[in-house]
Amino acid sequence: MKFNNRNVYISPKAKLGNNVRIGDNTAIYDNVEIGDDSIICNDSVIGEPLAAYYHDSGYKNPVTVIGAGSLVRSHSIIYAGCIIGPHFSSGHRVTIRENSSIGERCSIGTLSDIQGNVKIGRYCRLHSNVHIAQGCAMGDFVFLYPFSVMTNDPFPPSIDIKGGYIGNYSQIGVHAVVLPGIQVGENCLIGANSVVNRRVPDFSLAMGDPIKIVMDIRKYVVMGKGSPYPWMNRFDRGMPWEGLGFDVWIQQNNRK
Amino acid sequence: MKFNNRNVYISPKAKLGNNVRIGDNTAIYDNVEIGDDSIICNDSVIGEPLAAYYHDSGYKNPVTVIGAGSLVRSHSIIYAGCIIGPHFSSGHRVTIRENSSIGERCSIGTLSDIQGNVKIGRYCRLHSNVHIAQGCAMGDFVFLYPFSVMTNDPFPPSIDIKGGYIGNYSQIGVHAVVLPGIQVGENCLIGANSVVNRRVPDFSLAMGDPIKIVMDIRKYVVMGKGSPYPWMNRFDRGMPWEGLGFDVWIQQNNRK
Amino acid sequence: MKFNNRNVYISPKAKLGNNVRIGDNTAIYDNVEIGDDSIICNDSVIGEPLAAYYHDSGYKNPVTVIGAGSLVRSHSIIYAGCIIGPHFSSGHRVTIRENSSIGERCSIGTLSDIQGNVKIGRYCRLHSNVHIAQGCAMGDFVFLYPFSVMTNDPFPPSIDIKGGYIGNYSQIGVHAVVLPGIQVGENCLIGANSVVNRRVPDFSLAMGDPIKIVMDIRKYVVMGKGSPYPWMNRFDRGMPWEGLGFDVWIQQNNRK
């Protein structure tokens, strides 16, 4: 994407920081605030008005915030009322519905669909085509892989939705489904194609439909590789312990 | 999305009703008819020409109809030859291929992909990322959840496609697959991640890969909630029995 | 899509063959080469710059090639560095990341997501919503169906990715997952919703989670239809043996 400033719409009520670049055919609506040094690529919509806009003549767009240093790739749609931390990055054609909050340095992959009123912690990575139903939440350093889903309706169709929760550091495999209201603990690895229909305790390696706890993930040993989990000692790209080591970072931050 | 009338293309051969609003960067092609009070949001294409257009100089676009009071959200593509009833609503980036028919008051969610020659009844709701293969069909009040699929090719690849059918009031869970030519009865609930490889009778609670009939859904009782199915007695938002009660509506309409 | 030449951007450093048509709102970036008689539909981006572009002032876009006679449908994004053979066709909203190579006469369906550094042979058909992780590869005449996935990270998250491989003529069912580094042989049929967690030998009919080899596919007989596999004797649409017969074509080409 290049910045030719063709067919760009920026509301006079939007606030753009220093060195913000906006791609062609992109619209930035009322009450959007974009932090310094961010890039919003082409064909995107930031601050998409809520449904009330179409029939309420007094409609006022809620504040939408995208933190400094963010990169929103092309054809993405971020609704009004979302609060997104600094150094966010997205793939293409991402949809983030209203009133979702996303912590610092998260990434959300191509075609992912965040359905609104979702809470995502810090340093989370949602790969391509992840679907998060309304009212679901996750902690920090959570990774979800393609076509994984968090659902929210125990007895469809209903209006009694119950969002689930995924704890810090957990990894959710491709095509895995977290059923409504289910809690996945911290430091879990949920295998590909699993259906998580009951609570998964911390440090579980779990898989299957329905989900089965295979072992404590700290006891999982791979020939020639030792124990790959918890993963934080062997993976640090983009993490706050990069170049420092997880244990040192934990001590410095006095975190559990 | 706001209506700035930037970069809009409307064919002189399209017919737009009263109070139709068209978003920026949207194209409305030949022989499209859009009913009164409808909204077509930005970056959409209505009446997308069929493949013949690219090589047949005598190509004539088939008639495309979108009923009154509809809302097509942004980046959607609706092919020529589709006939869509009134009060339709779509999510973003929906694709509806040619010659599909969709009854009144249906909604089709973000990223859903209707492959053409599909028949969808009235009041159906397809959530995000539903894929319906060519030639498949469903009755009225059918709900499909994210990443569910209806397929059509028993021995891939082939040209002998057999579309399946889902009966009135049935609910198809996330990641469920209906195999080619399979009939799902009325009032069924198909669990998440199921593979429906054989006929499912009316009123089945069914799940698994391959699908198993768990029980008559009318006998399914949830502690503290009684029997949630059939669902029509406890859910009415947007349904024709809203505020009236399903039984009263059925009697008034003399339907089974 | 019609060619109104509205809001089109073509880099002066792009090379377009004879009779190339470009849809509205489309951008063709530096060092893109498009073969004769190709069509790039509306709202697409060809030669999307790599991530380095956003921070490297000396960035130079790698060469991107789209072969003659191709049809790229609307809202698609093809990154710089991709080399795509002649007679390619895509659905809508396809993403093909950098440095992927695709042989002649392939088609890639709506919403499919090719993650980069992927090798796809000749005459492959990826249906809608197929996800291919970085570094994966496949031979010729491979078909993948909706929501099927090739993955690449055995111990997520990691930087030690291992792409898998799918052999010539194999068919990968809807919602199937090929786990990292796994080899699927030639002439296999992988059932819907399978998880391929180990090597599948040539000529396997295989299904399940985890995958089970059901039988040699040449022994699979369908009542009234004989043996549908290998499929090449009964399906030829768009294949090089069309109207000729597979055996004759093989002999003419002296291939195994």
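General remarks:
For reference, chains read A, B and C in written order, and residue numbers begin at 1 within each chain.
The rule is short, and it goes like this: a contact is a pair of C-beta atoms (placed from the backbone, for glycine too) under 8 Å apart; a residue touches a chain by one contact, two chains touch by 3 or more.
Remember, predicted model here, so these are calculated numbers, not experimental data.
Taken together, the touching pairs cover every possible pairing of the chains. Under half of the residue numbers at the interface between copies subunit B and subunit C are found on both sides, making the touching surfaces mostly different.
Subunit B and subunit C have Cα centroids lying 28 Å from one another. Across the assembly, subunit B contributes residues 7, 25, 43, 75, 93, 111, 129, 147, 175, 193, 209 that each touch 2 or more other chains.
Subunit B makes touch with subunit C in their complex at residues 7, 9, 25, 27, 29, 43, 45, 48-49, 54, 75, 77, 93, 95, 111, 113, 115, 129, 131, 133, 147, 149, 151, 155-159, 175, 177, 179, 193, 195, 209. Contact residues on subunit C toward subunit B in their complex (touch as defined above): 1-2, 4, 6-7, 24-25, 39, 42-43, 71, 74-75, 91-93, 110-111, 125, 128-129, 143, 145-147, 171, 173-175, 189, 192-193, 208-209, 222, 225, 228-229, 231, 234-235, 237.
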